[in-house]
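The chains carry the letters A, B and C, assigned in the order they are written, with residues numbered from 1 in each.
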Amino acid sequence: MKFVGKHILSVSEFDRAAIERVFAVADQMEPYAQRKKATRVLEGAILGSMFFEPSTRTRVSFGCAFNLLGGEVRETTELKATSIAKGESFYDTARVLSGYSDVIVMRHQIEGSVAEFSEASRVPVINGGDGANEHPSQALLDLYTIRKELAAKNKSIDGLSISLIGDLRFGRAVHSLCKLLSLFKHIQFNLISPPELSLPDEYIAAMRDAGHNVNQSTELQPNISSADILYVTRTQEERFPNQEEANKYKGLFRLNQAVYTQFCEPNTVIMHPLPRDSREAANELDNDLNENPNLAIFRQTDNGVTIRMALFALILDVVDQVDAHAKPVNWYTAKRF
Amino acid sequence: MKFVGKHILSVSEFDRAAIERVFAVADQMEPYAQRKKATRVLEGAILGSMFFEPSTRTRVSFGCAFNLLGGEVRETTELKATSIAKGESFYDTARVLSGYSDVIVMRHQIEGSVAEFSEASRVPVINGGDGANEHPSQALLDLYTIRKELAAKNKSIDGLSISLIGDLRFGRAVHSLCKLLSLFKHIQFNLISPPELSLPDEYIAAMRDAGHNVNQSTELQPNISSADILYVTRTQEERFPNQEEANKYKGLFRLNQAVYTQFCEPNTVIMHPLPRDSREAANELDNDLNENPNLAIFRQTDNGVTIRMALFALILDVVDQVDAHAKPVNWYTAKRF
Amino acid sequence: MKFVGKHILSVSEFDRAAIERVFAVADQMEPYAQRKKATRVLEGAILGSMFFEPSTRTRVSFGCAFNLLGGEVRETTELKATSIAKGESFYDTARVLSGYSDVIVMRHQIEGSVAEFSEASRVPVINGGDGANEHPSQALLDLYTIRKELAAKNKSIDGLSISLIGDLRFGRAVHSLCKLLSLFKHIQFNLISPPELSLPDEYIAAMRDAGHNVNQSTELQPNISSADILYVTRTQEERFPNQEEANKYKGLFRLNQAVYTQFCEPNTVIMHPLPRDSREAANELDNDLNENPNLAIFRQTDNGVTIRMALFALILDVVDQVDAHAKPVNWYTAKRF
């Protein structure tokens, strides 16, 4: 897989070598993401940030990543593009907007829309989420987090045991993560969900075909004890026919410090694609875990900036120039990473 | 006409010398707009982008133009300014906001509002569209496109034959373009519209008074054969009393590859102020023209960035300093221009 | 009070030394705010601008202040954060967002919300207004304006006579200003309001306890004649049970040029936290004062940028580096300050 000038639309485009390349560049980006130094390599470049569906964290994370490379961001967050309302085709919108910026990140509620847009775009497009379909940078940051958390324990992704917990049917992040993990070796997948929200069969078949071990369960406790990673998810209530139906599945699996202490290995890493549902009826990941050093959920979102910097650097072909444009950070930086 | 520190409110402010000056500066800006080099001449300057009416392309185009000169953009896109709802006068709003930035671009749905705002503003204001009234940078980019497209064919604006097609009554872009073209010599205007949507009489009188030849027609075919430029427009349905009334005029004139091949000279340039209405009932400019190299509609929007860079450089008096602050472009740039 | 790495949540955090420090740094920032020179000291730093409640002037003022120091701004202006709608706790929102930027400014309609957010934030947070509670940068810019206006007349804040006029009950700006002024010596407060909208008793008690002289009145004329500063306010109609109730208090005190000439000392300074209500029924500060050189209301908003630059420079510990990163301003700057 080559990155320069290419769109990033789906995790399916990535093979293991491509992932390793993204992660190597991400490692190079980390000191910049963490404000240990600054770089101006993209000074003068413009990111077109097109969010046809509201988003705070993905939008801001992409924007910050571009700023940290020295570039500017021009944002559009209006829900209905007025030109489209006047009968403009997606083709025209893409032709026009791609004349303004050097690279585009786009989110749109319709599955496949970002790919369609990218075909007419004159500059590279990164999919920032197209409905229930794809959100590749989320999957990459999840996998990058797994790699980093395991590395701190002298382990690697090959041979990993991971428990995926909750709504495995509608969770886009889980689906993409399973695809990416399947590119590695000897993964033990423990799928924990109510039967109605189990991982779709085609994913399980693909994981088994790739030589991985998959077990399915409807119970939390016996299936988290040997895992390196617990990947907890929110019930995707917006995908259910009604709120009542969604509520039936909330709060079925709750991880808190007591459960963790009793059933998990001491260093088991806890992840979550966020947002976590902290309302009493759901509370899939209790706030009493907030001081647990193995709670990696905010390191996950921090890694999102790093991964997005890596994608921009690869697509815009500045990987080898980032350090040449490095500068010291003059200002106070909180010890937050 | 002097530009430094001046407002740009209307095409009526421009004489031929002013237009030539803008275009000469635009030519100088083009390599920057096309990412052949970068400049930081406005590093530290701030554009106040005030869009009281939604806009994606005009807003982003102005913002990118300012970024490409090295400046920053602070944007406001809220439809109802809360302070105005609390009884604040336009005078106060302008006094306050003009304390923040070095130059302002403003769009507002009320005719004359931008001019009123500019009277109280302490910094130069560019009209980004005030209702059905004026949108001078659109007219300038249209004329600049005509000039460039003709120059590639060794022609000049003087002596041009142009066919203006569609809703000539409500199309703000057409009105402004006719005014600007009238400053040149020996223009042949072919006006093609249904009788109810013909160009208002005062425009035609002014064009004839300036010595140009104007013919009016309700038919497409015989009136496009000798034109250098076909300027096609959308029915401005938002200006009609109701949708039904607007629908009567949609799809009356349709330009597609078959019509083009049969009736036009081989190098006839096709323009459109965009958005084009690609819905079946309208489809004034068919998608089968997308591969026709004389379809200039996306070069038009690209030229919008160039023209807006020129206006900023002129108003802020940095024309002679742009090149001194030039830098190489380090990153991948698509071959999109 | 130390500033480096600290939150700015309330005027109550400021003692006199802290105020003097902010003002000294603001004096240092003024040439940059007024475009006499530029600085790039925060080049590479990012401000997270989180406005959960709409705002144009405060939001743009903070953003421009950060840009003028060379930093970038990533803005969120959506009213309902989607993640919070999905059950995300404020704690999580703060943990995540504080991973993206170097400092955050936040406005939220709920009193105390910004303080709660700041507890979980990993970077410094500036309160940009939390409902009727606090808006410390507004109070600081008001006091800084008083100091500058008096200095031009060879006076100081100690010994000041100020008349506060209008809705003193609901006006957040007035409350905070009274707190800050109380840190100085021998202030004469003339409180002019209808009885129902008088300054709450606890404020008056605190002012008297601090040794200041407070008189209350329901009449304008006799109580403005000896004042150095007239601080006029808008009726905060959004705080009344209904519009009818609010309307009862509009237009009770009207300052115009005739009143000013007849009753005020020739150099009395007129201030207003803005927006002023210029509708006929209210018109607390007449437009016929706009040419009066003692009308300081737009100098107030200009000072807002200066004060916010000072706060950023202090919090991010770059006060001593601002001048080292200075650059000339190459472009046309209106004589607006």
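Basically, a residue touches a chain if its C-beta (ideal position, glycine included) is under 8 Å from a C-beta of that chain, and two chains touch if they have at least 3 such contacts.
Small disclaimer: the values here were computed from a predicted structure and weren't measured.
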Size of the rotation, in steps of 5 degrees, that lays the CA trace of chain A over chain B: 120
Interface residue overlap between copies chain A and chain C, same or different (over half shared): different
Distance from the mean Cα position of chain C to that of chain A, given in whole angstrom: 40
In chain A, residues with contacts to at least two other chains: 72, 75
Contact set on chain C toward chain B in their complex: 35, 38-40, 54-57, 59-61, 63-64, 67-68, 70, 72-73, 75, 77, 234, 237, 274-279, 282, 287, 290, 297-298, 301-302, 305, 327, 329-334, 336-337
Chain B residues touching chain C - in the complex, by the definition given at the top: 4-5, 41-46, 48, 72, 74-76, 78, 81-84, 86-89, 91-92, 95-102, 122-124, 315-318, 321, 325
